[in-house]
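Please find the structures below.
Presented sequentially are two complexes of chain A, the first with chain B as partner and the second with chain C.
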Partner chain A sequence: MKRYDLIVVGAGPAGLSAAVEAAKYGLKVVVFDENANPGGQLFKQVHKFFGSKEHKAKIRGFRIGSQLLEEANNLGVEVVLNATVAGLFQDKEITVRIKDSIQHYKGDAILVATGAAENMVPFKGWTLPGVIGAGAAQTMMNLHGVVPGQKILMLGSGNVGLVVSYQLLQAGCEVVALVDAAPKIGGYGVHAAKLARTGVPFYLSHTIIKAEGTDCVTGVTIAEVDKTWKTIPGTAKSLAVDTICLAVGLSPMAQLLKMAGCIMEDNPKKGGQVPVCNAYGETSLRGVFVAGDVSGVEEASSAMIEGRIAGIAAAEYLGYIDKAVLTEVAEALESALSSLRQGMFAVENRGKNIEKTDEGYVVSQHLLKKGYFQDAEVEKYPGVTRQPGVHAVIECSQNIPCNPCQDACPRHCIKIGDKITSLPVVDETANCSGCGMCVAACSGQAIFLVNEGYEAGYASITIPYEFLPLPGEGDRGWALDRGGSKVCAAEVVKVQTAPVFDHTSLLTIKVPVAMAMKARFFKEDNCHA
Partner chain B sequence: MHKCTEVIIIGGGIIGAATAYYLALQGIKVVVLEKSDNIGDGGSSRNGGGVRQSGRDPRELPLAMYGVQNIWPTLSDELGMDVEYVKEGNLRLGKTEQHLNILRNLTKRCVDLGLDVRMIEAQEAREICPYLSDEVIGASWCPTDGHANPLLATLAFYRKARALGTEFITGENVLEIKKIKGRARQVITANGIYEGETIILAAGYDSRKILGTVGLDVPMTKISLEVLVTEAQPKMFGQMLGTAMADFYGHQSKHGSFVFGGSSGFEDTNKNNGTPITASITAPCICRGIMKYFPLLKDVKIVRTWAGWADISADKIPVISPVEEVPGLIVACGFTGHGFGIAPTVGLLVAQLASGVKPVLDLAEFRYDRFKAKI
Partner chain C sequence: MNSRIKEHPILGKIEKGRRVTFSHDGNIIEGFEGEPISAALKAAGVMVHRHTQKYGAPRGIFCAIGRCTDCVMVVDGKPNIRTCITPLAEGMIVETQYGVSAKSTNKAEGMA
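== the complex of A and B ==
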């Protein structure tokens, strides 16, 4: 039976990070993954990540995947693909299905980083072709280059539902409705705002009654629900869609650990049944570690840090490093991890009704219900100022762990401070050059450059733009407000692309000055506008 | 905490739940104490679901036959919940002449006690179950055997007992039975004291250390047995299956999954880490066994495997017995891996013992004090 120092199950962000760290300290590591490609979900994440520099913020997920894989290869980590780990047994023995045979391996340490699986929700017609997981839609689009459909209903307003909806728009689909039974949008407000300003309607306190169609989805019936989640009679409406995407949460795939006899707990805040583990990810079985979603559903950034911690802990367990080294390195990583777990969306705040930010700003209920601010609300946030000349307008209203905008500004116009979840403050005394670095750096696409003195009677607005085809200078169309309604005619006066913007183009449009604080998106229409 | 009741049952498995149900039917107040957080956490939720008479030890056969004749057919209606009982017979299969000899012996034993079971040729076996491999040359056939869903059956007894007023307390680890003035009276747990007129001990292998607190012992060992379940398949057959060599046993469940139990041959010496976990060699071994008899299933995916402890008594049949030297104590343990099918009967019999009614079947073979040195 072949034996390794460390066997990693799952080549996603957590598994690869662990493998890299362990290999750095000299462990002989193998990673098994059931997929044909490594990277777990990373390679389909085409959006920019949140966090700070140490969390690889503002880098798109798939690039992080490539970096990790390259690191693993350089360190001699063996990555075995199309290899399904079918069992985890006593004495750290695993069985792996590779092609048509089952192979047995032993590890002196095991790290299980199997991630999580998408939840489904049953309703009438839910087995029809056309009802798919949001993650599946993402796989089709971003890995295989196939759109799942043309007219989509997304169920679930968490970050997955919001991010995938945006990617569906980018792929050229129409998102007909974003539906959630909860009364408030579950994911980041900035993600919701990106959708709302393109015109995607949000239906909060709504649920799916049935999927329509005989051979495949041809429509969907939704209805409003009351506080007890019961549908309200007379509120049913039918929408023509060909695809229903379900983004209703993830469940840890912890079966291997249960099978091995790890002590498990049912923890709704972690997404379901997870192994009990210590700060290093070690389970109740010595030398069996976990990292990433399998130990509690979060996101890729924290999974990578957890993976690194577990990889280092495995190195210590096997005597490759001293306890003192582990303590020191883990401490730094744990502080990076804890900074990611702060703010309104932290696990301990799930389900809570937070009415004010840490700074005391009122959270917009309109944003939470409709996906965008009312005009009057937006100006009270510290990133939104009215100044003569070009300046950044940062429509960021929630305490989330993210600060690339602060680092992006070469003139230090934007201040977040040491607390990564603080709202960005625009310093009116600093002198904005209009370079647009902040606009491209904001993973939430919440920063705009506004110049109310662009020319007599007109303002310019620079918006982040991630759609193709890219409009050209001189193109005409409509300016859309935060809710996606046409508010005035607009002309594109400048289009900037640069490697440093990483595929976020900066589109500068000219609108009547009265629209400077209303217009937030551009829809090309050279014939009518 | 100090709580009084009429009957205390230690062990919330199917034996405890069924006993509670039959007692509650008579209006007797029962408290069931279960160590784990879940009802039926032991063998009750980890067995293959056989409701089988053929192949039983002759001492145990009357219990199995009584259940099939009087309890199982109406149990779903009685408990108000489908326990997925299917009575479509048991085929015990053989591939060699030696196998057939084993089957003939098992069959004769049961026929002598009045069970309808007989040897059949390969052709008749294939008429009953057309999916058998060409290697099968004969079988024993008991048309009144069957199977049920052990999780549902345990749940059904539990629910009905509760509905009738029985109190189930989970997470209650029994440390000791204490005699008061010559009678078993108190059950001491980590959380407090329960007091009852009668104490029924039905805690699987764990009964042994509890028996020790009143100076008794039932010679038992604990072994880990394994089951696997496949993805759902179209309905193929309804029989319970077994083999002369006990390579595997199993059936197709109501929703289409096959449930197969079996062994690797190392059950007596397998180690464990304190939880009932599967061994890396067992499921593959069961599968190799199955494929010799049902090659058609070779591409069916296994969705889960699990293991459970069986309390193996020294003479391979259970103890179901009042304990005269500790008045007020009744023991039901040592079911040796074949307790599920007879559980409703045992529940009825133990309830009769506890309520002072003469049991409908003779329990002399199941005395707790039957174990004697060999010379």
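== the complex of A and C ==
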């Protein structure tokens, strides 16, 4: 039987970060993952991540995964893929299924970082081919280059539902409806807004009555629900779709820990049954650690920090470092962790009705129900100013752990401050050059450049654009408002792409000046507009 | 209907193995070597992978990561192969699974 100092189960951000940290202190580490690709959830994510620079914000998910893997490889960590850990026993022995064989390994310490599994929700017809999990949609389109369908209904308005819907649009699918039984959008407003402006309709307080079709999905019936989640008679409507995508939450995959005899707790705020653990991620079994979504569903940024803490703690447990070193390093990491865990989407705020931001700005109910602001609401936020020349207009209105916009601006026009969840503020005294770095850096695609003095009677608007085909200069079409409705004809006057923008193109369109604070997306139409 | 993404705005051109042919319920279909069998079927417009034993209800791709077993088919005569995690190879014989076997290969089952 092979022996290691530390055995890590799961090569997601938590597991890889732990492996890297432990290897730095000299531990002999192996990582097993049942997937053919390392990186866990990250591998399927093509969007720019939230968080701060230290936690790889602004970098696209799949690149974070490969960076972590490279670090691990450089430190001599063994990463074994296509290897499912089937058993974990009290004496820190594990059984691993590789191809058709079962192998045994022993670790002096174990870290379980198995992440979370998707929840499902039954409705009439839910087993029909064409009903798929959101993760399956991502696997099909982002790993295998095959779209799951042409016309899609997404169920679930949390970040996963919103992000995957956007990825479906990028893959060339039509998202016919985004449906959620809750009365409010569960994910970040900025993620909802980038869907809404392309014209995706949101149906909050709606649920699926049934999937239609005999051999596969050919349509879906949805209906409105009241406060008690009962369907309201007479509200049913049929939509033609070929795919129903489910994004109804994640639950920690903690079976291995339960099997090993760790003390577990049911904690709805953490997404279900999780092992009880201390601040270093150590469970009730000495030397068995957890990190990432398996110990409570959160984000990749927190998973990476938890992983590092657990990796260092394992080094201390095995005597590679002193307790004092652990306390010192862990303290710094924990303070980073708690700064990420602030804001409206913090675990303790789940399910609460938050009406104002920390700064006292009123939260837009229209944003929470329809996915976009009403015109009059936008201008009160501190990122939205009216200035004579070109300047950034930041439509970011919630306290979320994110700040790449602040770091991006070479002229210091954008201020968030030390508290990462604060709203971005545009400093009117700073002098914006119109370079567009902020537009490309914003993970939420919530920053636009507006120049109301572009030309007599016309304003220019620069928008982030991540679709194909990319329009060219001189192309004509329609300017769409935040809700995706056509508001006026528009002409593309500039298209910028650059390696620093990392596949986000900047499209500058010209619109009548009265539309400067309305036009937020462009739809090409050279024949009519 | 083409379900293959030609070029992705972020990922660019998606790299694939060599083009191969395989058979699905007797029809010859093209796919790319090494991609999951299910991806090649999806690209060819095949939705139904199997019918359940009890009610004959159709099933297709659901999780795409080998967890749910909805996508199992008879591959080269072997039933219960999870097509979403089994790489495609030249000349594979893929058949819709009815219960636990292929209709065409198991006469006894068909008569029962």
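Here is the rule we go by: the second predicted complex is superposed on the first by the 529 of 529 C-alpha atoms of A that agree within 3 Å, B and C clash if a C-alpha of one lies under 4 Å from a C-alpha of the other, contacts with A are read in each partner's own complex, and residues count from 1 in each chain.
What we mean here is this: a residue touches a chain if its C-beta (ideal position, glycine included) is under 8 Å from a C-beta of that chain, and two chains touch if they have at least 3 such contacts.
Computed from a prediction, not measured in an experiment: that's the story for all the values here.
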*Clash or fit, chain B versus chain C on superposed chain A*: fit
*asked:* One more residue to check, A:H104. First (chain B), second (chain C), both or neither?
replied: first
_Quick check on the superposed pair: does A:D215 touch chain B, chain C, both, or neither? Answer first, second, both or neither._
second
*Classify the contacts of A:G130 with the two partner chains as first (chain B alone), second (chain C alone), both, or neither.*
second
*Using the touch definition from the top, say if A:K323 reaches chain B (first), chain C (second), both or neither.*
neither
*If you count the residues of chain A that each partner touches, which comes out higher, chain B or chain C?*
C
*Who does A:Q90 touch here: chain B (first), chain C (second), both, or neither?*
first
*Could you say whether A:L285 touches chain B, chain C, both of them, or neither, answering first, second, both or neither?*
first
*Is A:A260 touching the first partner chain B, the second partner chain C, both, or neither of them?*
first
*What's the minimum Cα gap, in whole angstrom, linking chain B and chain C in the superposed view?*
7
*Can you list the residues of chain A that touch chain B in one structure and chain C in the other?*
none
_Per the contact definition, I'd like the list of chain A residues that touch chain C in the complex._
34-36, 46, 60, 117-118, 127-133, 135-136, 139-142, 144-150, 170-172, 214-216, 466-468, 470, 503
*chain A - residues contacting chain B, complex*: 87, 89-90, 93, 95, 102, 104, 255, 259-261, 285
*Contact set on chain B toward chain A in their complex*: 271-275, 277-280, 283-284, 304-305
*Quick one: in the complex, what on chain C touches chain A?*
1, 3-5, 7-11, 14, 16, 35-36, 39, 42-43, 47-49, 57-67, 70, 84-85
